[in-house]
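Structures given as structure tokens follow.
Below, chain A partners chain B and then partners chain C, in two separate complexes.
== the complex of A and B ==
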């Protein structure tokens, strides 16, 4: 029972990180209408930036501030240069472009930092265990990750629902031609949303570092899981991504405990079931 | 070879749905394709590869990968369905052929038939799920299936050899009625090359037939506008499913050939090879069947050359890919088919 509970906590943590990636993918898909294949690789770049900053300063606090900003700038730069020419062309072209970008980013990081992984020191202030009454105590850093993700998700939700910019973004997801006709400079919002999506992936990269370390391929597997989360939750559904992310995180984690052989397969089986019986996803609208 | 007129303008719309294709070609959205001329081009390319590529297994690999890429282009270029998991049928074909050769018979016919037919059946099942949604959903679902297959192959090591791969596949034999040939890629690469060329050419001809058939035309009409095709009364999902099965079966056949060539099936990272075959298609050009074939040959040449000079060759692969998508979405072959006739016309006008 102890084992199950601590495995559940681990599942929530990995699910929370998945949620961050899936939300970024979802938001970008909603407004920019393409799936950002480079999302995982950019998450990996964020994690590497964290690793260098954390080794230099001894903790990840500075990285937690700097990396999202840096990733947002990188995201905005990418959108302005490479992705902008893709608008108005086949949806597939942007997908392919970001796919090529993945190769460049992974191989570039390998060239700069080497193929082996790097470690990221966990913040010392969180180097204690918390007793949640679950039997076995839980490392405080994991709770911090869940809390941080909750804050980011809440912040994103408030941004989309309560601010004027968020209103325009939501309206743009519905019908961007109408938004343009109303005189909104829509291009800027595309850049903004892409930058936000990448920044959120960067935050996920920062938070992952102290748990698993960083390595060039870290983005590949989690990207595919994030795709599964988006599909299971429902394309374009904010809370669908949150629910599906946590669900898949917990499912994988619990399967690892009882039948580790099947752990890798579980998310895909779930996805196939969802696609068969509810093709629009758990909370998807259309 | 001299057939440079767009097919759409030569034979007038055969069906309502074909009109969309004709229109797209006439307006330049889809460049002119050489239909049966492609088969001649393929023979030329095979001969060039035979005499210029010094490494025989690389030369045979080019043909096999070319077939794989051409099959994928049915989905990507003709159907507008970008599969990110096309490594799955290739690997399946490899395992199927390898297991048959190892445990049942060393007959190449049986091994290739099992690889192709079993993958066709599996494709029908996978396609039925993947095609519930098209566009981006389809891409992500195919990727997820490839990942699922990867995990199964990795864990089921009593059958697949797991991480070590399936080794010790015996040399296969090809019964031709009057004689029996041993297909040994190492000792007698020329025979293997010729047999592969024949199989590839026959399959390629079948692919051309498919794209020129009424169903192939409907497939392209669906790419242009699925609603319009459905409005014309076509069962669009069925057409897409059949295409998915054909592409899967061709990849299965290519995978089986590749396993026979190496006497080994290795388990590679799913997304790496699925990506490679997609790069071949984009590099060569989506608008024809020959384009991806050319793309495969050029890609493998690049890979074998670049990897001799730098460990980071994948960086350049990615860069080439990005440049291709940004600047030459029609690919190498598309570039040739659009610029050469235009240049010819210009010189003709200049001399006249």
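== the complex of A and C ==
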């Protein structure tokens, strides 16, 4: 039983990072109707920025402040230059654009930082383990990751629910034509949402670095899982992404305990089931 | 909304199928020989993906060998053509076809993945081009893949290494061994070898086995599984980034402090990325270690350091050896598959790994296996020399011999059993 509880806790940790990536994707897709295939590569860029900052300062704390801002600026710049001409065009154009962008970013990082990985030191202050009464202690840094993700999710939710900007964004996700008809300068909100989505991916990059290190292809596999989370949770559903991310993390973790060889396919089985029996996703709008 | 979800799901499946990579292209068939014609050697290795450091080492090893040979094998200028298989068998197949048909290479070599080496060997066999495999697999020189006319294996098989290491693991690390292995051919070959070799050691047993997909970054869910198994020693069978991710996370849990950990495959490039803190106290086996006291090893190491400003890892040496073997054979006039085979079978040489024999029965190279211990920074400092690269030291050397590889009689029995 202790072992199962340990797997559940670690599943939540794994799922928490998926939640961050899926939330960014979901926000962007919900408002911009744009599939950002470069989301994983931008997450990787955030992780590399973290690595350089963390090695220079000896800790990730500065990166946790600087990287989201830098990534938001990068996101805003990309939206204004490359993404904006894609609005209203075939989704395939957007896919091809961001697919190409992914390769440029990966090759660019390889050129600058080399093909090998880089270390990201975990904060010294969190270099201990916490006994949660599960029989096996859990590294404090992993619990910090869950806390940080919870704060980001809570902050985003409050932003969307309690601010006028959030109100317009939510309304835009529901019906952007109506928002435009009401005279709202919608382009600004598109830029803002894209920047927020990329900033959240950057935060995921910061938090991941001390766990896995950073390397140029690190965004590829996790992006696939983030897409699965978005589909399972429901397109445009904030809490759908949160629930699906945690659910997939926990299911993969528990499957690892009993049949590790099948753990990798669990998210895809879940996606097929959801697509078949509940196409709008677990918490998606009807 | 349903249409959007369908589109996104479609994209997800497509991306998963592609693995986020771009494929190359292929061609037809044929070969070309001539005493003053360029000697074309095709190298296919993983220059992108989880084993990128190993692939780059292989390219470096091949290029270094060509440079040291004066870019010539006898009167024939050596032309090296390097291709990236992205660790994918289908791409390896296409690249091998392109090298054979369009470039008309005389020899093929390289690989860092068991899956891709079989694809290259298949093309080489069909085209009659000698292929010198350089990754650790049991399957290359076993039926139905082995083609005695063209197949050679310069890296050790997993069972060679595991037969060499198992006595050390059981005597020094623990008697209940958990196996954490990659979920592809190399992992399954390791399982077969460990589950045979470990129970043969007195009082030693396999406490459990778990598999992880190639390219795994999240190893946290495996930690309770390992600890819950009651194991007192852990064998980790992954390579490259997987190994780096695992050791980082295992260290955060204090797992490597509690359970002695043994790595089936070590490489200096991974050790450098991990640093002293993470590899201190871990053990590993390797078919090459850069500061082994051997004249030929050091000739290679010094040349590599001069060229690349770092000692070589374990995978470049296979290509260095391959190019030297090919060049020597061709220089002596053995440039057809038939004469090359006659030249190679039973050959005893001393190259980048020191003394090595290519045995006749399955063209398997027999070379020493080293058991390495990870050092702390101050320990490396106290050893003197290049402390920066002295992340490990050799604690045991097992000579390459039939005692650790399947014997030629066993190999012949296997061929007879399957009609090979």
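Keep in mind that, in the parts below, the second predicted complex is superposed on the first by the 283 of 286 C-alpha atoms of A that agree within 3 Å, B and C clash if a C-alpha of one lies under 4 Å from a C-alpha of the other, contacts with A are read in each partner's own complex, and residues count from 1 in each chain.
In the analysis below, contacts are C-beta pairs under 8 Å (C-beta built on N, C-alpha and C of every residue); 3 or more make two chains touch, one makes a residue touch a chain.
Since the structure is predicted, the reported quantities are computational estimates derived from the model, not experimental observations.
Asker: Are chain B and chain C a fit on chain A, or do they clash, once the structures share the same frame?
Answerer: clash
Asker: Under the stated touch criterion, which partner chain does A:57 make contact with: chain B (first), chain C (second), both, or neither?
Answerer: A:57 contacts neither chain B nor chain C.
Asker: What is the contact status of A:161 with respect to chain B (first) and chain C (second): first, second, both, or neither?
Answerer: neither
Asker: Is A:222 in contact with chain B, with chain C, with both, or with neither (first, second, both, neither)?
Answerer: It touches chain C, and chain B stays clear.
Asker: Quick one: is A:141 in contact with chain B, with chain C, with both, or with neither? Answer first, second, both or neither.
Answerer: Touch partner of A:141: chain C, not chain B.
Asker: Just to be sure I read the superposition right, which of the two partners does A:6 touch: chain B = first, chain C = second, or both, or neither?
Answerer: In the superposition, A:6 touches chain C alone.
Asker: Looking at the overlay, does A:119 come into contact with chain B only (first), chain C only (second), both, or neither?
Answerer: second
Asker: Tell me the contact category for A:231 with respect to chain B and chain C: first, second, both or neither.
Answerer: both
Asker: For A:253, is the partner it touches chain B (first), chain C (second), both, or none of the two (neither)?
Answerer: After superposing on A, A:253 lies in contact with chain C but is clear of chain B.
Asker: For the combined three-chain arrangement, which segment of chain B clashes with chain C: 129-137, 201-209, 219-227 or 237-245?
Answerer: Stretch clashing with the third chain: 129-137.
Asker: Residues on chain A in contact with chain B in one complex and with chain C in the other?
Answerer: Chain A residues touching both partners: 29, 35, 91, 95, 102-103, 217, 220, 224, 227-228, 230-231, 235, 261, 264, 268, 271, 275, 279.
Asker: Which residues of chain A touch chain B once you look at their complex with the stated criterion?
Answerer: Contacts found on chain A: 29, 34-35, 82, 85-86, 89-93, 95-97, 99-108, 110-111, 217, 220, 224, 227-228, 230-231, 235, 261, 264-265, 267-269, 271-272, 275-276, 279.
Asker: Name, in rising order, each residue of chain C that touches chain A in their complex.
Answerer: Against chain A, the touching part of chain C is residues 1-2, 4-9, 11-13, 15-16, 19-20, 22, 47-50, 52-53, 56, 183, 210-213, 215, 217-218, 220-225, 227-228, 241, 244-245, 248-249, 252-254, 269, 273, 275.
Asker: For a test of understanding, state which residues of chain B touch chain A in their complex under the given definition.
Answerer: 76, 80, 82, 84, 129, 132-133, 135-137, 139-141, 143-145, 147-148, 151-152, 154-155, 269, 271, 275, 278-279, 282, 312, 314-315, 317-322, 324-326, 329
Asker: Quick one: which bits of chain A touch chain C in the complex? Just the residue numbers, please.
Answerer: Spelled out, the residues of chain A in touch with chain C are 3, 6-7, 10-11, 13-14, 29, 33, 35, 37, 91, 95, 102-103, 115-119, 122, 129, 136-139, 141-142, 208, 210-213, 215, 217-218, 220-224, 227-228, 230-231, 234-236, 252-253, 256-257, 260-261, 263-264, 268, 271, 275, 279-281, 284-285.
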